[in-house]
Structures are given as C-alpha cells and as structure tokens.
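Heads up, the next two complexes both have subunit A, just with different partners, subunit B and then subunit C.
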Partner chain A sequence: MKNLRLSMKGRRAVSGYLFIMPFIIGFVVFMAAPLIMSLQMSFSEVIVSKNGFIFNSYFGLSDGQTLGGIYAAGGFSAVFKAIPDLLGLDNYVHALTVDPTFNQLLIEEITKIATHTIAILVVAFVIALLLNQEFKGRAFVRAIFFLPVILSSGVLVNLETDNTLMQGMQELISEQTPFTVTDSMMEILRLTGLGGDLLDIVFELIAEVYDIVMGAGIQIVVFLSGLQNVPASLYEAADVEGCTKWEAFWMITFPMVSPLLIVNIIYTIIDFFTKMGGDLTDLLDEKLLNFRYDHMSAMSWIYFLVTLAMIGICALIISKVVATDE
Partner chain B sequence: MSKKIIEHARPSESFWVRNRKSGGYLLKKTIGNKAYKFIRFLLLFGLCFMIVQPLLSKISVSFMTELDLYDSTIISIPRHLTVENYTTAALPALLNYGKSLTNTLVISLCVSLLQVASATLVGYGFARFNFPLKKFWFFAVILTVVIPPQTISTALHLTFSHFNPLGIVGMFNGGEEISLLSSKFYISLFGLTHVPLPYFLMSATCMGLKNGLYIYMIRQFFAGVPQSLEEAAYVDGCSTFKTFWKVILPDAVPILVSCFLFAFVWQWTDTFYTKMFIRDTSLPMLSMKLSGIAEALSKYLESIRGTGNVATMGHKQQFVSTGTLMVIAPLLLLYLFAQKGFVESISSTGLK
Partner chain C sequence: MTTVKHYKGPVRADGTPIELPKKVLRLQQTAKAKNKKPNRSRLGDFLIYSLLALVACAMAFPLVFAICSSLKPLDELFRFPPTLFPRQPTFDNFSDLLVTMGQSWVPFSRYISNTVFITVIGTFGNVIIGSLAAYVLAKYNFPLGKPFFNLVVTALMFNGYVTAIPNYLLMTKINIVDTYWAIVLPAVAAPMGMFLMKQFMEGLPMALIESAKIDGAKEMRIFWQIVMPNVKPAWLTMIIFSVQSLWNAKASTVIYSEAKKTLVYALQQIQAGGIARTGQAAAVTVVVMLVPIATFVLSQSQILETMATSGLKD
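Up next, the complex of A and B:
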C-alpha cells in the first residue's frame, strides 16, 4: 500500500495541476481546438452550404479521412474533400498577392504600430515623470490620465472612430478659418527647409496626439509605479557627489525604470493588435459577412504571425539594450 | 568670491537682498523654477482637457434640443435645455435602458466574478507549485493574451453552435452535438435576467476577455508573497487548499478587487463575446444596443412621425452621444469611488 503514496514532490505537482485545471480545460476546448480549426480553414476551401460547411482540404489526403476524424470527435459537422492537386498555401497566396487591399492595410498597420508604440512609450514616460513630482491636485490629474482605460474600451472605441458629426464640424471649422496655427507652423517649417520626411512623421504624430494619450493609460501607471520604487537615497547620494539632475535622470531614473519598458512595449503592441475597429479588422469582418472563412482565417493568421514576430523582435532588441538586474 | 560666502543670506531678509547676496543666482533660479512649473501646468492642463473634452462636448450636446444642433450660434451651451434626449434614448425602441442595464449589470458581475475566481486559482497554481510542463502551460497563458480574437472568432462560434468537446456530449445525446447558443441554454439568475451558458463556460475556464492578463497579474502578486507563510501553515497541519483559502487569499484581496474592476469594465463595454453569444433580441445588452442606436433612432422616428422622416446625421450623433453617456455613467460612478482600486493594483504587482 505504501508504494502507492506519492512523494511530497509528486503531491505538490498534482495539487499544482488541480489549481491550473480550469485553465487547461478552457485552453484545450475553447482555445486550442478553435485555433487548430481556424488553421485548418486557412489551408482549405470553405464552402457554406445547407448541410453545413464543406471543407475542400488542400492537404494531399486520400479522402480527407484523417482531418474529418478530428472534427467528428470535436463535434463539428463538416464535410471534407481532399483536393490533392492544389497547394495548401492557396489562401495565403491569395491574401498576399491577389487581394487588392490586404497587403496595403497590413503594411499600414505595421508602420502605424511602430510609430505609435514609440510615441506612446515616450509620452507615457514623460507624463509619468511629471506625475511623479509634487504639485497641487496631483491625485486628480492622475485620475484623469487613467480615465482612457475606461473610455477607450469595447464598443466606445468604434463609436469614437466613426464620429461623423465631429469630422463634419472639423471640416466646417477648417473651411471657415483660412489658416490655423498648426498649418501655418507647418508651412513655415517646410519653407525654411527644415526636416522633411522626419518632420512629416512628427506632424502626423501631433495630429494623433489624442489617440496616443488615450492609449497610454495603463503604460503611465506602470511607469509611475516603477518611478516610485526608485529609492530616494540614490538621488541623495548622487546629489552629494555633485550629480546634476540631467545626469541623475540618465544614470539613475532611466536604468531603474527600463525593465518596465519591455512590459509596456509588449502591452502596447498587443493592445493595438487586439483592439477592434481598425481598417484591417473591417476587412476581416467583411470577409466574414461574405462567408469567406478560408480567406479570413488565412489573413488573420498572417496578422497573428506578424504580431508575434514584432513582439519577438522588440523583446530581443530591448533585452539587449536595457539594463536588467536579474 | 570669498566675500559672498561670508555674507550669509538670512530667511528673514527680503527677496531682493538675498538675491543681491547670491549674485543674481536666486533670481535666475526662481524664474527658471516658476517657468518650469508654468509649462508643466500648461502641458498637464492641455492633455487633461483633451481627455475630458469629448465627454464635456457629449454632455453639452445631450442636453440640446434638435433645433439647437442646427443653430450655428450655439456651440456648447444649449439654448433650450432639455432632458428629452435621455428619456427618448431610454425607450424600449432605442436603448431599452432599464432592461439592458439590468442584463449588462448581472452578466458583467457574474462574468467578472467567475473570471477573477478562476484566474486566482490558476495564478496561485503557477506561482507556487512545480509540475511537469509548467513552462508550456504558462506559455499557453501568454498565447491567450496575444492571439487576436478575430483569429478564432469563427471557429469559436462553430465550437459553441456544434458543442461536443472530445465527443463527451455526443455520448449522452446519441452522437449528436448540441448548440449552446440556443436560448434553451440561458440560465436564469435571481429572476432578473438570463445569462447564456457559454459566458459561464468561458469565464470559469479562464478564456474570457483578457483573462490571461488577470492570471499574469495575480501570479505576479502571489510570487511576491513570502513562502515562509505557507510553510508555517503546512507545519501546523493545514492542507494545501485550506492554506490557500485561509492564509494566502485574505492578503490578496486588493489585487483581486482591482482585477475584478478591470474585468467588470471591459465586460461592460464588450461587443465581441456579446455578439457571439447573444443572438436573442429578448436579451438586450447595453453595448449592442449602443452600437445600433443610430439606426434604431431612424426607425423610431419613422414609426411615430410616419415614413420619410429619417433622422439627420446630426440628430443621430446627438443620440450616439447621449447613449454613450448613459452607458458609461455607471462606469464613471464606479471609477469615482474605486479609483484607488484601479490604479494601485498595477503599482502593487509591479507588473514585471
């Protein structure tokens, strides 16, 4: 009988599995299975018919039996037909070369993410620095900067982006006023020949300052918590040694907070990618409405892989640059 | 140089005397400081105004009559103050406010409570136990955060409409899968509303909205709790689960509260799962009703004024503003009282 009893280590392992059991069940049933199914769709031709879905699989299977077997067990009534003479990557090729808009939207999205992430991080860091100083009404200002986390979620984002009345009003205002301050500033800077492309990017960012601040709520709080965890004695010691504030910033503040950069970058990218209501998600929704599940799956897989690649690259670069004490 | 050092400035002396003694340094420093404070004030004020301005403009528009919208002399202060927009927007034809508020409230409460409960168990499991494949499962948690929901939306929908995980359901149902999305599987709660079963299934198994994030936050918190606390409990003969329940959990309340607040707010405004799970129009939800409020207004006006009376763009936008305010009002109220809970969690876990 004694042999049946588990060791301490074994019992801990069993308890651990019991604790994470909800996640395992959920992951297998509601994440892994749909994920495989969507991958399957992206490699097939999906035809919606009265009897359900027909998957014309591009895999070189004899009669689609193997794949059909998975779904019969997974509770999915679909008819599989194998088309051996077609390539499995057909939907991907279609997404990248045939579809007129996907390519363009994807590239737009990527550049937008790159500029936005950098802008959000810089803005969040500067705001966190300001909010870490002592001044009257600090609690109130902090509360306002966190408000976007509530205001820019779910259905509210979509409503804000297609606020046509606001756009109409903006156009009206710009028609009535012959020139605005920003426009004339832009003109002057362009005429003097300063900058060029770089300046255009800066102007674009200024125009989108609202989006940037609205997307920076969590990041500000994360940076702020990092700033508050820097021991004050470090600054005192630096001050005694004759360190200027500027030097103290680069020698103490920045290295101490930089580990949080990685968290914030990853959070920003994920937040951007998973947020509904971009042009790309509109395209995906349109595919969904036209029952092109195969095209949609292929596109969203490309999208997903691009996200992963971007996060990976960022994490790699940052972990090389940033000082970590671990 | 040495002369200046001897002339010590006293706090009792006037500013200008002290300035002369310092050789003009005090004046420069003071002006610099004041200028910095002024610029900081301008920057913060501007940014705060930018965040709050859309809310303010919505509030002002929501109290205007339709006539005020077209009057170009009126910019932000309504001439004919009215609450008619609110009463109209609350009508069953538009937001159906009373009913959808209860539905949204109950569903958001249930979902976020379940989410936090399951995330707590899983987070504790990851923070304290060593088991085979732990790294793999934690990678899976991260994966659930990273995957854009659109990628699996179709397949997830099919999973629920043909529900038969691993053939288990089929065994009881004569080989047939069942559609969990039908209203047969709505669970009645307190006689207030019906909650679709998939909501419970998803949130109890950590697959709800941003659930991976909560697991991560809670795990970070538990990882920071000293291990000696549990060891002491084990030595005293406390079982694993009892230790978790009696020793660990009471300390974790603040982080659990803030996870709950996040889950509640995000569930409140969610359209992704709501669109997927609720097909039945007898179960109005605020987020869905709000996204369709412009069309609903047109239909409503047609029904009371006769055909051809479509709502103008401005009128529609006015109702979008009013509806948005009505939807977020409870959230703003919550934020007002629980602001600390929202912000401090992120600070306390460090999110590293």
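Up next, the complex of A and C:
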C-alpha cells in the first residue's frame, strides 16, 4: 500500500516535470540566456570585428573563452578577452553621466509611465465596471472597447511610421478628435471670460484622454473577466445583510478584483516599456545602428531596474491595501 | 381585527398580523428604504452612457477611418480638407491591390501560406506549452515553482532591445535563421500567455481537480478535460494575442529568402510604393486587419460572456 502511494506520487511528479519542461527549455533558450548575455555585454566593451564579437570584459572569464560555447557560431562568435584594468561599470557610468540625453529621457519616460499607468488603471476599471452592467447591445459595445488592442498592437502602429496615408490619418485624428473640440471649447470659454490657468490644466488632462483610452484595451478585458468571476451569490448575501451597493463595491468587488490590479500594472508598464517610438527607443535605436551594443545593453538594464523598482513599489502598496481588506 | 394597509408580513389564521419583534421591523424598514432609493439616477445613467459613447467613438475612429479610406477613390484621398466618409465609394483600391499582388516575383499565395503556417503553428505551440506550464505552476507544489514564476514575470519586463542581438546570435548557432522556426520558436516560448494562464488557473477550485483525481483520472486527462475547458476564456485570450503578434510579424531581420517572407512584409512592400499607391496602401491596411479582428469577433463572446462559469458552486 505504502509502495503504491509512493509510486503514484512519483508518477505525478514525473508528469509535472513533463508538463513544464517544454516551457522551461523555451524560456531558458529564448529569454534567460539572451538576458544573461545582454548583462555580460553591459559589463564589457563589445567590439564587432569581422570574426565576430569580442567582449573586453573585466569580469570572470579567462582570455579567449567563449560564452558557454552557445554563441560561437557561423560567421559570428563571441569571444571574451579578460582585461583586468577595464572598469566593469564603465557603460553604466557613461549612460548616466556622459551621455547628454539619457538621464533626461529616462526621467521623462518614468514620469510618463507613472501618470499613465495610474490613469489607465482608473479608466479601465471604471469602464469595466460600466461594461459589466446589463444593457442593450452590450456585446457590441464591448467589442468596440477591445478595438485598440487590435489596432494599436497591430498593423496601424507599424504602418503609420512609413506611410504617407497614415501620416495624413494621424494629422486628421489630431484634427478631428476631441483635441480640436477642446480647443474650440477653450476659445469659447476664454471669450466668455471663464478662462484661466485652471481651465488649461483641465484641458491638458482631457487632451491626454485619447492616449490613455487607447492604451486601456487589454486592461479593460482583464478587469472585466475578473468582475465576471465574482460569484453573484456574494452580492446576494451582502444584499440580504443590508449592504449598500457602495459598501458591496469596496467589500466585495474591489477585493475580489484587486489581484488583477497587479496583473494590469505589470501589463501596462510592460506595454509602455516595449512600445516602439518613444524618444528613449530612438536613442536605443541609434546605439544599435552604431554598433554600441554595450552602451545599449547598459541603458536597457538601467531602464529595466528603474521599471522593476516602480513595479515593486506598486506591488508593495497594493499588497498592503489587499491585506487590510481581508 | 386590525388590518394594516399594505401589510404583507406573516399573518395568523384569522388574518391578524403576527407582530414581529421591533428590531426585525426596524431592519425591514431600513432595508426597504434602501431598496426604494434608486441606485442610479436618470442623470447618472445619461452621463455614464454619454461617457461610454465618447470613449467608444475615440476607440472606433481609427478603424472607421481606415475602412473609409480604403473605399475612397484616389482623388478623394488627397482632398483637402480631408473627409471621413467617401463620397463615391469604390472597390478600385482592392482590385488594384489584387493586380499588384499578381505581379509579385514570388506567387502571392506563398506569402499567405507562410504567414498562415507561422500563425497556426506558433499560436498552437504557445497555447499548449504555456498552459501546461501554467497548470503545473498554479496547481502543483512544483519545486522552485515560485521563484521560477517570479523570474518569468521579471523577464516580461524587458523590451526587445535587450535580447535582440543575443537572440540573433543564438538563432545562428542553432541554425534557424532564415527558416520559419526563427519566428515560430520564440513565439512559442513567449512567456506573456503563460503568465495570463497561471493567473486564471489560480482561480480554479482545487476541489475540481481533486475530485477528478479521486475518480482515477490521469494528469493528462485532468488537464484536457477538466482544466482546459474551465479556463477557456484564458486560452482564447491567449490565442487572440498570439495570432495578432504572429500575423503582424515582419521578421525582416531573421528571414532573408523572398519565398519565406511573411504576408505583412510583402504588403508593406506594396505600400512603400509611394504616392501612386496610396489607395492600395489603404486597402492593405484593411486586409491586414481582417484576420486579427475576425479572431476577436469569433471568440469575443466566449471571452467576455463565459468567464464566470467555473463548474463548481462555492
């Protein structure tokens, strides 16, 4: 009896490993290994020669040793040359102190990520709440709200950079969407004497709405799925106990959906981070074209560390909030 | 006999009301007061729907514009000031596009089959491998499972720049540059879907899996017949993401042979033909959008409506 149980346990463990192995292999090969190599690049002086890459590195590996043999291939090889008097942090120092634009772009990007993440989460949550209500044509409206996901991550963004039509369309969008409406409204309000600095701030926020809404598609769907996973019996029980809708929202809806908050925060930040076309990505592109892979890697890693810190702070705050609700 | 107007509470056989304790009566009254008060006012409703309508317009605008542009004859495309809706809708742009397609060096069907192959295999692999791993991480006490998952989440936060060069070196090493696998394999290993699946599977009641185990189901069977049907919304979402990114893959850095290029790449070549092809370019935009939108439309009702069914009552 005891033997049988053990063997069953063993078999289950084996199937567990079989289930997860393909993913682990894929992850290590296409994600972990490249990341490690990029980290090594950031600590080295990368020279692209006709025989392949040469990593002049302060760290570890002895002269001429290839990187685990993995990367030495075909016309390309990565050879390490240990140069002890090369400071390992050179690329990082360069990025933060020498490069004229990196600091500024980094700070700009981070403030943009922070404000947009908060705004997107709030907008997505409110819209998900509204879309979760019963009303006519709900499926159609939901489909519309998912459109940005298809449009923004797909063709339109790829196309709009190298296409006259898309440029025209971009201009047209900025001409025809609420921006002009806000501008003209602003004029009217100014003329009637209601204008002022406060109005300017409000309208600036409104002008951002388009970006925020277009960036909120996935987040809406994730929140919506979370909302639909809240058992109706909970609300019924709360109703029987004399709970108001407002209380039910904070005591049931919010705690039940809050695990998805962190999913959405991570998704939003990644979305920003990986989106092409920002000033920072332009800088990285320039480094890429000039074969400064070492500088590029160091900058990417700084950016990553900052993002990680931001997500960490968010996660900490949210875990506190969730914990107090329980 | 005291009859109370509108009294609907418990009564004795003779019709007199049973007097409830005062506390209960008070509670009933407050409950009624709360119920009577409408939760949403007319004005609130109006504001909510006008907000939704406004946001929906902003979201739908690019799509509407792209479709309208593709239906405009060339002279209308360059009209200033530009108009949104075509005055004389025509399918000329699409027929022009077909003509250009027919003149391509490699038969155009080749590009289509390339992209279809890449999309189908990549999506299939990504969903299966990601779900299997997510299942183990969500429902097993896998040794080092938690640190591994954290590592995956961390890896999600890197952008393409970090891994671009190393990935290329790696692909040359395992000799998959200039094959379909250079697009398919990284897509299969993409961790985003696994992350989503794991989050969904955590919500799956353990009792469901345990009862299947007690009934003697093997792991594979539990996975296919219990777990996967219950997280259908999750893998449908995964399919949407995956189809979208693979369908739009240009992959011009890892594929050189003309015969292996993707549809989007070929269509972009047509688009790049300059001012004279503006109309065709508009048509291209619509053609390329069709598949992701179709995938979404086909699965959206599933995703959005059936998320609640978990198969068990708590």
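FYI, the second predicted complex is superposed on the first by the 211 of 326 C-alpha atoms of A that agree within 3 Å, B and C clash if a C-alpha of one lies under 4 Å from a C-alpha of the other, contacts with A are read in each partner's own complex, and residues count from 1 in each chain.
Here is the rule we use: a residue touches a chain if its C-beta (ideal position, glycine included) is under 8 Å from a C-beta of that chain, and two chains touch if they have at least 3 such contacts.
Predicted model only: the values in this text are computed from it and were never measured.
Student: Is A:Met296 in contact with subunit B, with subunit C, with both, or with neither (first, second, both, neither)?
Tutor: both
Student: A:Leu224 in the overlay: touching subunit B, subunit C, both, or neither? Say first, second, both or neither.
Tutor: A:Leu224 sits against subunit B and subunit C alike.
Student: Quick one: is A:Asn103 in contact with subunit B, with subunit C, with both, or with neither? Answer first, second, both or neither.
Tutor: Neither partner.
Student: For A:Ile311, using the defined touch cut-off, is the partner it touches subunit B, subunit C, both, or neither? Pick first, second, both or neither.
Tutor: A:Ile311 contacts both subunit B and subunit C.
Student: Applying the touch criterion given at the start, work out whether A:Leu35 contacts subunit B, subunit C, both or neither, answering first, second, both or neither.
Tutor: A:Leu35 sits against subunit B and subunit C alike.
Student: Tell me which partner A:Thr115 touches in the superposition: subunit B (first), subunit C (second), both or neither.
Tutor: It touches nothing on subunit B or subunit C.
Student: Counting only touches as set out at the top, which of subunit B and subunit C does A:Gly242 meet: first, second, both, neither?
Tutor: It touches subunit C, and subunit B stays clear.
Student: With the two structures laid over each other on chain A, which partner does A:Arg142 touch: subunit B (first), subunit C (second), both, or neither?
Tutor: both
Student: Can you give me the overlap between the subunit B contact set and the subunit C contact set on subunit A?
Tutor: Subunit A residues touching both partners: 12, 15-16, 19-20, 22-24, 26-27, 29-31, 33-35, 37-38, 41, 53, 73-76, 127, 130, 135, 141-151, 153-156, 158-159, 163-166, 168, 209-210, 213-214, 221, 224-225, 228-229, 259-260, 263, 270, 273-274, 281, 284, 288, 293, 296-297, 300-301, 303-304, 307-308, 311.
Student: Taking the touch rule as given, give the residues of subunit B at its contact with subunit A in the complex, in rising order.
Tutor: 37, 40-41, 43-44, 47-48, 50-52, 54-55, 118, 121-122, 124-126, 128-132, 134, 137, 140-141, 143-156, 158-159, 162-167, 169-170, 177, 201-202, 204-207, 215, 240-241, 265-266, 268-272, 287-288, 290-291, 313-314, 316-318, 320, 324, 327-328, 331-332, 335, 339, 342-343, 346-348, 350-352
Student: Help me check something: in the complex, which residues belonging to subunit C touch subunit A?
Tutor: 27, 30-31, 34, 39, 48-49, 51-52, 54-56, 58-63, 65-66, 69, 77, 82, 84, 129-130, 132-133, 135-137, 140, 142, 148, 151-167, 169-170, 172-173, 185-186, 188-189, 191, 194-196, 199-200, 203, 218-220, 223, 233, 237, 240, 244-245, 247-248, 250, 264, 268, 271-272, 275, 278, 281-282, 284-285, 288-289, 292-293, 296-297, 300-301, 303-305, 307-308, 310, 313-314
Student: In the complex of these two chains, what residues of subunit A are touching subunit B?
Tutor: Residue list for subunit A touching subunit B: 9, 12-20, 22-31, 33-35, 37-38, 41, 53, 73-77, 127, 130, 133, 135, 141-151, 153-156, 158-160, 163-166, 168, 209-210, 213-214, 218, 221-222, 224-226, 228-229, 259-260, 263, 270, 273-274, 276, 281, 284, 288, 293, 296-297, 300-301, 303-304, 307-308, 311.
Student: So in the complex, the part of subunit A that touches subunit C is made up of which residues?
Tutor: For subunit A paired with subunit C, touching residues are 12, 15-16, 19-20, 22-24, 26-27, 29-35, 37-38, 41, 53, 70-76, 78, 127, 130-131, 135, 139, 141-151, 153-156, 158-159, 162-166, 168-169, 172-173, 176-178, 209-210, 213-214, 217, 221, 224-225, 228-229, 231, 233, 242, 244-245, 259-260, 263, 266, 269-270, 273-274, 281, 284, 288, 293, 296-297, 300-301, 303-304, 307-308, 311.
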